[in-house]
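This report refers to the structure that appears directly beneath it.
A, B, C and D label the chains in the order they appear, each numbered from 1.
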Amino acid sequence: MPGNAFGQAFTFTTWGESHGPALGCVIDGVPPQVPLSEADLQGWLDARKPGQSRYTTQRRESDTVRILSGVFEGLTTGTPVCLMIENEDQRSKDYSEIKDKFRPGHADYTYLAKYGIRDYRGGGRSSARETAARVAAGGVARRVLEHLLAPAPLIRGALVQMGPHEVDRANWDWAQVGANPFFAPDATAATTWAGYLDEVRKAGSSIGAVVEVVADNVPAGLGEPVYDKIDSDLAKAMMSINAVKGVEIGNGFAAAATSGEDNADEMRMAGETPTFLTNNNGGALGGITTGQPLVCRFAVKPTSSITVARQTVDRFGNEVEVQTKGRHDPCVGIRAVPVGEAMMALVLCDHLLRHRAQTGAHGPVTPAFDEN
Amino acid sequence: MPGNAFGQAFTFTTWGESHGPALGCVIDGVPPQVPLSEADLQGWLDARKPGQSRYTTQRRESDTVRILSGVFEGLTTGTPVCLMIENEDQRSKDYSEIKDKFRPGHADYTYLAKYGIRDYRGGGRSSARETAARVAAGGVARRVLEHLLAPAPLIRGALVQMGPHEVDRANWDWAQVGANPFFAPDATAATTWAGYLDEVRKAGSSIGAVVEVVADNVPAGLGEPVYDKIDSDLAKAMMSINAVKGVEIGNGFAAAATSGEDNADEMRMAGETPTFLTNNNGGALGGITTGQPLVCRFAVKPTSSITVARQTVDRFGNEVEVQTKGRHDPCVGIRAVPVGEAMMALVLCDHLLRHRAQTGAHGPVTPAFDEN
Amino acid sequence: MPGNAFGQAFTFTTWGESHGPALGCVIDGVPPQVPLSEADLQGWLDARKPGQSRYTTQRRESDTVRILSGVFEGLTTGTPVCLMIENEDQRSKDYSEIKDKFRPGHADYTYLAKYGIRDYRGGGRSSARETAARVAAGGVARRVLEHLLAPAPLIRGALVQMGPHEVDRANWDWAQVGANPFFAPDATAATTWAGYLDEVRKAGSSIGAVVEVVADNVPAGLGEPVYDKIDSDLAKAMMSINAVKGVEIGNGFAAAATSGEDNADEMRMAGETPTFLTNNNGGALGGITTGQPLVCRFAVKPTSSITVARQTVDRFGNEVEVQTKGRHDPCVGIRAVPVGEAMMALVLCDHLLRHRAQTGAHGPVTPAFDEN
Amino acid sequence: MPGNAFGQAFTFTTWGESHGPALGCVIDGVPPQVPLSEADLQGWLDARKPGQSRYTTQRRESDTVRILSGVFEGLTTGTPVCLMIENEDQRSKDYSEIKDKFRPGHADYTYLAKYGIRDYRGGGRSSARETAARVAAGGVARRVLEHLLAPAPLIRGALVQMGPHEVDRANWDWAQVGANPFFAPDATAATTWAGYLDEVRKAGSSIGAVVEVVADNVPAGLGEPVYDKIDSDLAKAMMSINAVKGVEIGNGFAAAATSGEDNADEMRMAGETPTFLTNNNGGALGGITTGQPLVCRFAVKPTSSITVARQTVDRFGNEVEVQTKGRHDPCVGIRAVPVGEAMMALVLCDHLLRHRAQTGAHGPVTPAFDEN
């Protein structure tokens, strides 16, 4: 019932604060005999880690992950996998500016309202630093998916909008995503964003963004109607990422202005295999995967930590101003890309295992049609 | 682990198919001593029920709800509340058109892919008829909220967009919502929509919509970081409604193009009470309610059942056409309004009870500030 | 979080009070394509139902079960199965004797302490009448086990002690269980008990009992370490039955006085198959099934409703006497036999499905040894 | 759904193997503002820790616990509490004797049957070393109970039987429990056991035991009917401890031979307060606490690791002998005493929080009687 866990069959619980000694997660339900090492996870953490360009916070963390349990001689054993990342750059700093003030857009006021106490150092538990644990868990989920499904799902994310600037989908190239500091799939957009974000950063401001995550090679049949639909759980997963304020599947909000004819994903046969002519529904119908790519987008609000002064109050009821000094991301949406990918992997892995409980299917889940 | 339940402290499980003998739900966790009668629930069901205007399906159901357990002498006892609604209009019809064909946009293909069997009568379990059980459960949640909180949360929904036509927020009047068949909060929009939807209906087509649900009088402090944020659970709840493809909290996707300064909800004192100058975040920060109105929007795709013929395949691998005959909603978004309200009530009730487990607070949950 | 559900993959939630209109359950997670009809369930309900001999309560209930959802054309569809049993003999009676008094041994005092309200009619929710819903759910579990495992688990229960009189295990004959009104596996014991229980009944008293439930043909490998061990879940399941005060697996309490050598279940090969020479551990090691029979015993306290007057207090703080008039079981342990069997079936079914989530095994779960 | 977590409102998940780098747990749902330090936990760990007398294993572990999260300036914050204990004495040893053989009474065979892989070093996850994490979590539960209830529940355990030798209840003295290496509440029994266990140990054998755990000052009203009764959850909790084969509440199995009159816990008034004249039901009626002491006993089988050779098979299908060399407990029941106490604390804490969700009661849960 408490809220720090996600998943019902592949269940991970994260723990740790921004400025505590360490953070991590425990994953319960990992299938046995899956090859797993720290090296399998570190790459994903490196993609998320701060301080890699002038567009992200300069906090210095190696984000080195350790596997503390659940792996024996290179294979998972079916017992819980505990992952730990030690915090290194818990910079000893002066918290007097934020200790008693409620920073607008942050969880300062609400944590105090809820608990009557808060760890104000770097946002404590509400810091996006928690997402490092998700990314590590997502790495385990990817290994499980690769072990159980052939072909393995291919999960990729990209930044598709920064402030008012959207990518041009005609230019979409997944190979570009790793070639610029924004995870942009469009080299032209990356150039535009570089200049734009420099301005934002220099102004002491910040800006929002939209992230798109796509999973290819997803078998048909995953998802649990009616409340744990695959898209319901994706919506929850993405909305749980810090600063996310909206989630779409497939055409999303555009579907509101679409007619039934245009929105229908018609079907034809591709040889022996049923196939869809379009993917307006983003790979899910009735909450169950269709076998098409699973397409999810989410909106990330602008970083709340800005150097521009804002009005607020403090815990003593005084009206004050607050401005954030120090290291911050001018566009937190950028680093949300690997987090979104991790959440997609985690949702898919959980639903694959849940599906097996009820139907017992091995390996790829495929439609069970009658013979002709 | 199966997916037909929602909520962790106020847990409801729904059951029933479109053309089975009955549908309903069991609610476990209802606090004791709450006044509850069938009359408390029937009004909400009547708002959702089909056949009330020419803009909704002509299926005839009285949707009469019975309380089978959990209430004694007009009060809840703390034991499970079972609600049942008998299906009356399971029209004996010819299913040959849809028995073996996969209707585009429907769950026909995916249910068969998942389970290897499907109840094709009226969509079976994937029918929006399931939402009647949610609306009934939502009525219980409202009574619990009224019993535990003073003032009680005021939960209201409205249709804010139909196809390309949005409401004019300058005209917003909650009183209008009950005065037109569209739950429109803008009388002018209602007039426009009436003509527009007649055209859609006559063309045998359908159209999407956007619903907004707002909860006033929500205490600060509800929501469980980090995965069961109030907005994460709202996103899941709304995305679980049939045909929903997108969910937003507060400014939602518009936040992507907003700067940190503009998005900050600044604070001042209103006498002794901290207050916010704006509500861009829609009543939630860090996944916990701020005490401001909780604002959620969701996009509903156009009804997939249309009389315009669409290409598809059947379960035997033949390429065929399909068109839906009979009674259907040209804009299912309309009847999603009371369902969205119910889901908001259910999420709030669940989180209020969950909050009490960890903090033990009675009645209104209020910020626990230090004395000045 | 509320307590009226059991099972995590095969999850059933029961509802209903002794004197309400109906009782029943919803089962979520039933695998698809399992043959299921009301006739499959009725036999188990008939075994539990009251009024079948002078040794059980004379309440008259046909206990006719209806399937309200989840079955289509004779097969389960994977959607929730709702079962309902209408109460028929809610005899209009005078409750003045028990309305305000706390009957010793009953839940009257504790329900009022917990909820501040109680449905005093026949014990309300705390009545053993709730077990009818478990037995119905157990019938579904049996069908699922038969569908998924070959050979199917054989789940049988027997009364092995009534008051001071134990069965003679040398006489054990499962065929006797259905041949006497006590579910005794020993014809001699049945004769002894008949005379003994007549005395108890005539004295207006009651007596305790011990039930043994054995499951044969259980595959090795079921159970989830370390908290959801198969024996932990059996202990919980059996202890949740009304009036149960103790649970044992295998040799149980006798193991306390046993040496390590004597308690060891040594192994040899039976051809190609590892086999155990004894079953002191009752079919579970480390919380996981060994493939041997799963053996569970539980103690049932004497019926608390007796006609002998007992001292108590009422809700107004008066010291009073109370005696139960009307129809009651002199030994509730008897009718606990089919309930214990149902709980065994439900635990096994849940663990079989849970096992499949993590390991994906089809059908019989068998040891995965290396080749020699 | 996986099995390494316990509790629904106060949820702890343990991780770690006998010979891995560390073990620990994450506790989600800890109420905020509870004073908590490592010193609060260390004492309980010291009571359980090995190597403290010649009657327990000579493995040397300091069992030093570290709090990695969830505590700020000496108080819990409401976020997850992660506890870690590093393994120190992972003695590099020769595993050839047990690597491929199935030790009778151990989980070797069943883990391999379930997962197809096992960490054979010291039993891996099935080792009783896992209970260190429970004891640490139990220490947190005790602090929460002290914080929320006045008077705080007093949770104490004792060994009441070793092999054939029971304590004399006439001699019961809780002060004795800490004064001998057996947690015996009877000094005479302790003397007897010392001689007896020396014989067992020297013979290379082992012996079973019975542990009793009693909680005083438990408020009335805790427990969730009908499946999560307080006694159901205690049964599950105790049965989940390594080597436990039976659990009783109150009179337990003795109730089978008791009459309804004798088993009734009659009530009288003690001034203004309802009181019970006996506690045959062990503090629970209908699964809800009565306010009397909660009394639970469990049977622990003899240690399976013995130096006496036993017959078994290996994973290659060879018939072999096995004998355990090295350090082991001749009576694991002894060290199960602090583990049983911890589980009692954990169950009570979980149920106190769950109770608050549904009823919202603050502090002591007391009967809500009408005025006279």
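One rule holds in what follows: contacts are C-beta pairs under 8 Å (C-beta built on N, C-alpha and C of every residue); 3 or more make two chains touch, one makes a residue touch a chain.
Here is each chain with its UniProt name: A, B, C, D = Chorismate synthase.
Worth saying up front: this structure is predicted, and the values here are computed from it rather than measured.
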Partner chains shared by chain A and chain D (touch criterion as defined above): B, C
Comparison of C-D and B-C by number of C-beta pairs in contact, larger one: C-D
Centroid-based (C-alpha) most distant chain relative to chain A: C
Chain centre separation (chain C, chain D; CA means) in Å: 25
Distance between the centres, which are taken as Cα means, of chain D and chain B, whole angstrom: 45
Rounded Å distance, chain B centre to chain C centre (Cα mean): 39
Per-residue multi-chain contacts in chain B, two or more chains: 1-5, 8-9, 14, 29, 32, 78-79, 114-116, 125, 225, 354, 357-359
Residues on chain D engaged by chain B in the complex (per definition of touch): 1, 8-9, 29-32, 78-79, 148, 225, 353-354, 356-363
Complex contacts: residues of chain D adjacent to chain A: 1-5, 8-9, 11, 13-17, 20-24, 26, 28-29, 32-33, 66, 68-70, 72, 75, 77-82, 84, 114-119, 124-125, 354, 357
Residues on chain C engaged by chain D in the complex (per definition of touch): 1-6, 8-9, 14, 102, 104-107, 109-116, 125-126, 130, 161-164, 200, 205-210, 220-229, 231-240, 242, 245-261, 263-269, 272, 274, 277, 280-282, 284-291, 299-306, 308, 310-313, 315-319, 333, 354-355, 357-359, 365-370, 372
